[in-house]
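Look for subunit A in each of the two complexes below; its partner is subunit B in the first and subunit C in the second.
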Partner chain A sequence: MSEEITITIDDGEIKTHHGEKILWAALENDIYIPHLCAIKKETRPNASCRLCFVEIEGHERPVTSCTREVEEGMVVKTRSPRLDRLVKTGFELLLSDHNLNCRECPANRNCALQVIAKKRGFKLKRDRIKPIEREFELDDSPAEFAFDRSRCVLCGQCIWADRVEAEVGAIGFSNRGLKRVVTTFNDLPLADSICTECKLCVDVCPVGALYYKKDQKA
Partner chain B sequence: MLQLKEGEKEEILACVKEVLGENSKTHENLIPVLQQVQKKLGYLPVLAMEKIAEGLDVPAADVFGLATFYNQFRLNPPGKHEVKVCLGTACYMTGGDITLESFERRMEIKESETSPDRHYSLERVACVGCCSLAPVVVVDDQVEGKVTPTRVDGIMLELEADRDGPAGEESGPKEGGNSEQD
Partner chain C sequence: MNKTDLLKRYEDMKEEARQSIQARQEKSLVLIGTATCGLAAGAMQVKEDFIREIETKGLEAEVIEVGCIGHCYAEPLAIIAKPGYPAVCYGNLDEGLVHRLVEDFLAGDDPSYEYAMAALDRNDEFPTFEDFPRGVYEEKMILEHCGLTDFKKIESYIANGGYEALAKALSEDPGFVLEEVKEANLRGRGGAGFPAGKKWEACLNNGENEKYVICNGDEGDPGAFMDRSVLESDPHLVIEGMILCAYAVGSHQGYLYIRAEYPRAVEHVREAIKQAREKGLLGSSILGTDFSFDLEVFQGSGAFICGEATALVNSMEGKMGMPESRPPRLVEQGFRGKPTVLNNVKTFAYVPLIISRGADWFKSTGTSESPGTAVFSLVGKINNTGLVEVPMGTTLRQLIEEVGDGLPNGREFKAVQIGGPSGGCLPESSLDVPIDFDSLHEAGAIMGSGGLVVMDQDDCMVSVARYFLEFTQHESCGKCTFCRLGTKHMLDILTDITRGEGDLETLELLKELSEDVRDGSLCNLGRTAPNPVLTTLRYFYDEYRAHVEEGRCPALVCRDLILYYIKPPKCSKLCNVCVGSCPTEAIYTREDGLKAIDQDKCVKCDNCRKACPDEYDAVIKLSPPELPAEKERKAK
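What follows is the complex of A and B.
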């Protein structure tokens, strides 16, 4: 399994091992690729955030780097006008229903969306895609943390933490399309569900959706 | 969430037990089990979803996620009168959403819900197959064409007239009275 492989990413050669996904090989060699939903230990990634696209020489279309395993001699590009445009659109779609009141967000300056925007030169604004306004009820039932769905990017990190790390199974996705949310069984407040309040989900949330009450602003 | 009526709890438990007994208890059987339970009960009560999750050893949140993902599953019992508002292309363009809103306001429930007295349930469907009559509403399997908000009032009158016995008649005006005071 640990057979060494050399691939080229953005004109630089890196060493990685057999079975590794392009995304993690790049990140471990300090090459940034935007990503939200990727989980290193997951063998079948969701590839739902649509941000980690790369181009591979010999492949006509961009591929999601979180699902693609490295191959010896692979030549990968993380930037090109086409890729940047694709990622930008994905990013704008994520922002289209995101609560952009960063000033009051507990994750301000510690937010994966802000990192992606900075690294790729995107604006945290909605000018091209029509915003979707939705009302969510804040779930502040747990003792130490709260869940604000208006900031959720549906990356699924919290669900992975809940299922695989904590082995609880209190939260999951429900509904579909624009109504999709992370929720408990029968939409119960977290404190009334089987949630053990282990807070592993809060630690993995890349944005300010699940946050510690002590970090709350305003 | 609607209150269960007397005896319903037992009926649900018996039904889930029966269906689980007929299927091997694997994750893959979740959809068939949900389908069979819904076929017997007419909907998927919360209690049934809990018991199915237990029986198949999947997180209840996943059962809920699946039941809310697919349009074929309903979480509320069918009302005595089922109203289906078509929001297919033709109906949508001719104001089907306005018709749906009129029903929601008159029934005081949202789409896919059932009134607390279970007299009505309201659903949206995608094309009934008679687009020339748009906007179309199906009331208890009877197709109504060109349904304007005024026609909604007419349909509601007919459905209100079908409340049975003095108990039903009493509860009707009483609820109305309360909302006026609010």
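What follows is the complex of A and C.
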């Protein structure tokens, strides 16, 4: 067992261990911090969803809790007007590029975005920022599951499952900027790629982008 | 090898170089500025003209390609150095002028001062560059030999004292180099101004045997060309700086990351590396010591984001050029996971000077917190565009009005954009801000890599902000939420504003989004992308308001908010120029013989306004786009 460390999160002391990231220390102690892309086993996190911001005493700027290791005596805040605003904007940005037809979504009531909205009191609406209008082709080539990119939040959980857990390497990030997508080599349908349809990726998708066909609504 | 032998070996090398250069100087030399800027202006044609004219006359003169001396406004440029005369610089060369210079000066004895820009050596006949206002403010450190030295010959560099710093350093402990750089308080010239000595020390202290030194030559800002000029004009200066750094931190392999859009810089650096190896200044056992270090050029493939440190390293490793969150910093885990020093081209270029002339010499220029000089590429609405080097602490006003000789034909200064797309727009009231890392940051801009664009009353600040944001949005790698989506929404909002859509709430949303993208983005591309928007909102808020509240673009730039109009009292019935200039046949002749524009057909190309003769000056732009109350003009 590695060295024990005590840190303060939101005025409460918690015990954790050396080398742990703030995000996991908090979650294990039932302190919620919004997050989508964080993977516990990943040593160098993507830090790309930008939702897990916390404030650390002595740091001028908010930092992502998935990347920052705990230090003895660290004083961390998960809520403040500044943090809440930042997380809210990040959340709204993600919604602006997300298919918000929740009623038809297989992940309805089992969606990480809905959890964040509930925990932080955000609306699942786009009133401030206009939606980005674009269309994606549905990939329903695998036998039991499908991939709907209009719901993808580019968290990278599926890529980790595919590459590290399943050791297949069928999918990855491709393209730059707004065109960034999770896709196969040469953009082949999953069934035509080296995908083994092990479905580990479906299990880790926090939203309804990768889903089992049996859960499909209507 | 002991200290005396080492220094003697260098002295011999220098003497040899000096002699070969001296032999060359016994005849007349024509130095032609053939950096990329010169080439674009036609330097190669000028070179051919010189060679042909010299041959025709059967003269003993050599034509040599040199880099950029920084006077871009007068390209193509040549310096003629004829024994017995001061070296003289001539600008705006063409075939006729070349013919005349060869005939009168090279073949005759008339330096044709009426065509000269300035002399380079002090003399009794013609002023030197130092005698002009620009020369008074300029202080050249890293640009000292740019445009004057033959970049194709390592001897030119060595004869000027090049690699002396390396010999000096190798005769001391590596700690000497580090201490000197720390003492000099050399701050990174890539933009953020992080002390180079601190970075090197951290890398040194990270134990590992395998370490790397990388030079960031991925200069991608629109309007910036300082790094390119240094690499093209004086490549050995950067190479020597890198060797010194490697010696200080204990690295044996380095890379110059140069963007592929700079083929000439790549070529010059590769040739310089080859010659340095041949002289035993690079490779194994440098100057006969135990120290070995080699360099390679790595060509970037055109992604702006690869100027960001972690993305640069990723792209060198063959991965997608995308940034990682830091820490760990590169000095802990850099290229191939090993401690790595990454500095900008200019940062390395200062190092040989600091080592050979001392930290105190370096600190005697500039301010206490930002010692040394700043190099800017001065562009936009300014008389003397070019590459300038001024001491840190020079004010923006001095830089624009004295060094750049102000704005052309009495145009009115409006704003200056410093630091490229990551920088900010500063107004007239900020012109007395001294140029140093901290003062610029306070004013909302950044030193950035040193691009400086001057703007006048004809530039719309909303359009300018939109222009820069369009660039960063296009260059966003898409990895993190704020940059990928935030910059897109900011761009959409700015586009709306240039169309007069939105209200004060839109401006508030733009401001909030900008602040959040700044605070929330993963890397410095996203964190600095909102700067042009935030500074224009801060300093030119009224202009934004005019767009959304009145549908008016005060600078008459935003196409959706202007219309073209021919003023009847000024229009002449005898002239038809505008009619012919219009590509869409929107201009027609009214019943009274005057011209008018059919607004439905007009595409606002500006041709008619340019075509209308100065004595009439009848075509004007109006914003908001409403025709003046006047009798039926549009009636057909």
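We take it that the second predicted complex is superposed on the first by the 217 of 218 C-alpha atoms of A that agree within 3 Å, B and C clash if a C-alpha of one lies under 4 Å from a C-alpha of the other, contacts with A are read in each partner's own complex, and residues count from 1 in each chain.
Note that in this section a contact is a pair of C-beta atoms (placed from the backbone, for glycine too) under 8 Å apart; a residue touches a chain by one contact, two chains touch by 3 or more.
Owing to the predicted nature of the structure, the values given are computational and were not obtained by experimental measurement.
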Going by the contact rule set out at the top, does A:N46 touch subunit B (first), subunit C (second), both, or neither? second
After superposing on the shared chain, does subunit C or subunit B touch more subunit A residues? C
In the superposed arrangement, which partner chain does A:K130 touch: subunit B (first), subunit C (second), both, or neither? second
Now for A:T89: first (subunit B), second (subunit C), both, or neither, which partner does it touch? second
Looking at the overlay, what does A:D97 touch: subunit B (first), subunit C (second), both, or neither? second
Could you tell me if A:T184 is touching subunit B, subunit C, both of them or neither one (first, second, both, neither)? first
Touch check for A:R176: first (subunit B), second (subunit C), both, or neither? both
Going through subunit A, the residues touched by subunit B and also by subunit C turn out to be 173, 175-176
Which of the residues in subunit A come into contact with subunit B in the complex? 163, 169-176, 183-187, 193-194
For subunit C, which residues count as touching subunit A in their complex? 303, 320, 324-325, 327-328, 473-482, 484-486, 488-489, 492, 509, 512-513, 516, 519-522
Touching subunit C in the complex, subunit A uses residues 44-51, 53, 61-62, 64, 67, 85-86, 89-90, 93-94, 96-97, 128-130, 132, 154, 173, 175-180
Show me the residue ranges of subunit B that touch subunit A in the complex, using the header's touch definition. 1, 46, 49-50, 53, 59-65, 68-69
